[in-house]
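Two complexes are shown next, each including chain A; its partner changes from chain B in the first to chain C in the second.
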Partner chain A sequence: MIKINNLNFGYRKNQLLFKNMSMQLSTGHIYGLLGKNGAGKSTLLKNIAGLVYADSGSMDVMGYDPSKRQPALLTEICFIPEEFYLPSIKIDAFVKANAAFYPNFDHPYFTALLAEFDIPVTQKLIDMSYGQKKKVIIAFGLATQAKLVIMDEPTNGLDIPSKAQFRKIMASALTEDRCIIISTHQVRDLDNLIDTVIMLDENSVALKASVEEITNRLCFKRVKELDDKVIYAEPSLAGYNAVMQNFHQEDSKLDLELLFNAVLAEKNKLKPIFN
Partner chain B sequence: MNNTFNIQRFGLLLKRQWLEFGKIYLITLAVALGVIVTFYSFSLWGYIAETKPFYERALNFREPLFLIFGFLFITVIASNYFAHLGQKPKAIIDLMIPASTFEKFLTGIFFTAILSTVSFIFIFYVTDLAFLAKLRSVYHSSSTRTSYTDAQGAVAIVVDNLAYFFSKNGPHVYKGLYIIPFFVTSIFLLGSIYFNKFHYIKTTISAMVFSGIWTAIIFKSGKLLFDNRTLINRMGNNGPAKDNVELCLALLLVLLTLIFWSITYVRLKEKQV
Partner chain C sequence: MEFRDNKAIYLQIAEYVCEHILLGKWNTDEKVPSVREMAVELEVNPNTVMRTYELLQNKNIINNKRGIGFFVADDAIANVKSYRKTQFMDDELPVVFRNVYLLNIGFDELESRYNTFVKETFNP
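Let's look at the complex of A and B:
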């Protein structure tokens, strides 16, 4: 669905954010895009959505060049930005103004999502809290039935019950012809939701692997003492939370936060394991 | 799917813009109507109430009011149209709407050059009609004067002293004036997408600087070309030379308007968030 080839991008000519980045994303997956502040998570999403233009390299989204912003592609992209603006109108007026642009817009689904998120439908959008607005925009985006769903920090501003609702809704929104990319720095919000992890660091993709692949090759467990097998560890109450190479095909649960820190701290040790 | 222009999508875009900005637009129009009515009331109330004798020059405020306030109205609207694209959250929503850049640009032209001009002319026309109709019911609108411009010498002519604004000031003498609102709004529409903040002030200053430089160039080159030379004018002031100058001026305005619109389109196409 998305083919990124030798992408070079920088907000300043002499300071590239991405250097020769290449990646392919396919349908039927929920990708979790992780990275430090300033690693370029939002910028990569904007490149995919055609909101910024690459300095060089090519970007192919469903056979289109996103920088051309063609309506045929835009109807298939649902972009939920971190910062957004909603006009001072009611939800039905907002839907009336925008839904007609999306030929597959599912009105009953939108209503169901609003009910699930517990949104007061008669209230004006401008009078809603940030979290409520975010839920409206997520519900609208999903109801467009767009094939590519891009979400930048979608759980920011959501309360604890809403985060659980969000995970449930996103899991049910994934279909075989849909690709969902979620960028976040709150990795715990994506637990049990994403099936592929993409980590950005130092101008390129530091890790791109499915959860299954990661847990097949790495083992996440609590150890009392550190030894040579431990790739990365963090002290905990009863010893250490450690990442080790999974020599014995042990079953373990992916700890995204630990993996994230491991990738940043021990990139050289992890690289050969995934290559 | 046509990715450049689709009439149905264009209609949807117009509707979307109207649903989002229509209310503010109507409020702005109501304020403009209030200002025009205030000017008319302030200038004509004494005559309507018959507390002072009516003079024809009492209506002379209309031309500057129409020109200055009309200029302000259409330029403020044009200057605000793409202004929100300078704000990241608003720009993302707008750029991701499934319509082509050309359709988004045409919607801008419709709201700034056409709708704002037509609506201003309409409210000015209605206000003028109401006040002048009242004045005409109070005073004799016509008087007889002697004209000496006729070939036969002195001729008595009937003059309407209470002529409606648009019957007196129609651009029938120089049709090139029709392009002026398009030209003016094209400059401010470009300013609205070119600058990220203080669009109106920055566009006004830029326009002043550019027109100043242009005037200086024309003046200097005119001086260089024509200084110490004698002007030969065989046709008088109403000959074909005058028509040619008027035509050239109109074409120049059309050309400049098209250039400003083209730059605006390119800026919109290249807009990044």
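Let's look at the complex of A and C:
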């Protein structure tokens, strides 16, 4: 679905954010895009959606170059940005003005999502809280039936019940012909929803692997003492939460926060395990 | 369903399905929730549920009727028991043994505890 080849990108000429980045994403997956502040998560999403242009290298999304912004591709992209502006109109007027750009827009599904998110449909968008606005654009984005769904920090601003509803909605939104990319810092909101982890660090992709691949190669567990098998560990109440190489085919649960810190701290030890 | 933090999610979902079968909530030849239904209910990725269902298919606990869905297999209860027994022997018993050894607990003491437990729990 997405082929990124030797992408170079920087907001300033002499300061590259991505250096020779290459990656492929396919349909039927929910990708979790992780990285420190300023690692370029939002920028990568904007490159994919054609909102910013690469300095060199190629970006192919469903056979199109997104920077050309051809309508045939744009109708298949749903982009939920972290910061957004909604006008001073009601939802029905918003739909009337915008749904026409998406030939497959599913009105009954949109209505059902608004009801599930408990949105006051008669209120003007501008008067809604940040969380409510966010839920409106998530509902609108999914109702477009776009094949590529890109979400930048979608759970920011959602209250506790809405986060659970969001997870249910995303679990049902994943189909074989859809590709969903979610960037997040709130890994605990989404860790069971993501099936493939993409981590950005130091101008490139530090890790891209499915949860299954990660837990086949690494083992996440509590240990009492550290030994040389431990790649990375953090102290906890009963000893340490440790990441180690999975020599005995143990089936452990991926701890995304621990993995994130391990990738930042022990890149050189982890690289050979995933190559 | 609350997930514990020490076991792979797909295995925890397998336990959840096994539990439903052992408790007689889902019987032989009955349809189990579709991959999508289960993913929505548990708020997990459908690919994770698919991995669970593939595992349970290999253990002959559920089977896939093409185009219709997944059903509880004929000998599901027996197969659940043998699957859970293997898991208990491999994963849980070593932890118990470790404590039995470290705390110097005798087997005769364990046996009488076990007998009391069975009497109180299953034949009150």
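To be clear about the criterion, the second predicted complex is superposed on the first by the 275 of 275 C-alpha atoms of A that agree within 3 Å, B and C clash if a C-alpha of one lies under 4 Å from a C-alpha of the other, contacts with A are read in each partner's own complex, and residues count from 1 in each chain.
What we mean here is this: a residue touches a chain if its C-beta (ideal position, glycine included) is under 8 Å from a C-beta of that chain, and two chains touch if they have at least 3 such contacts.
Bear in mind the structure is a predicted one, so any value in this text is a computation, not a measurement.
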item: Combined model on chain A where chain B meets chain C, clash or fit; value: fit
item: Which of chain B and chain C A:51 touches, first, second, both or neither; value: first
item: Touched partner set for A:174, first chain B, second chain C, both or neither; value: second
item: Partner chain in contact with A:87 - chain B first, chain C second, else both or neither; value: first
item: First (chain B), second (chain C), both or neither touched by A:102; value: first
item: Touched partner set for A:222, first chain B, second chain C, both or neither; value: second
item: Touching partner for A:194 - first (chain B), second (chain C), both, neither; value: second
item: Which of chain B and chain C A:157 touches, first, second, both or neither; value: neither
item: First (chain B), second (chain C), both or neither touched by A:252; value: second
item: Geometry of the superposed three-chain model: angle at chain A (Cα centres of chain B and chain C, steps of 10 degrees); value: 150
item: Minimum C-alpha spacing, chains overlaid - chain B and chain C, in Å; value: 28
item: Residue ranges of chain A touching chain B (in the complex, touch as defined); value: 46, 49, 51-53, 68-72, 74-75, 77, 79, 81, 83-87, 89, 93, 96-98, 100-102
item: Of chain B, residues touching chain A in the complex; value: 1, 3, 6, 9, 12, 15-16, 19-20, 84, 87-90, 92-93, 95-101, 269-270, 272-273
item: Chain C-facing residues of chain A, complex; value: 28-30, 164, 167-168, 171-172, 174, 192-195, 211-212, 215, 221-222, 251-255
item: Chain A partner contacts - residues on chain C that touch it in the complex; value: 3-9, 11, 36, 39-48, 51
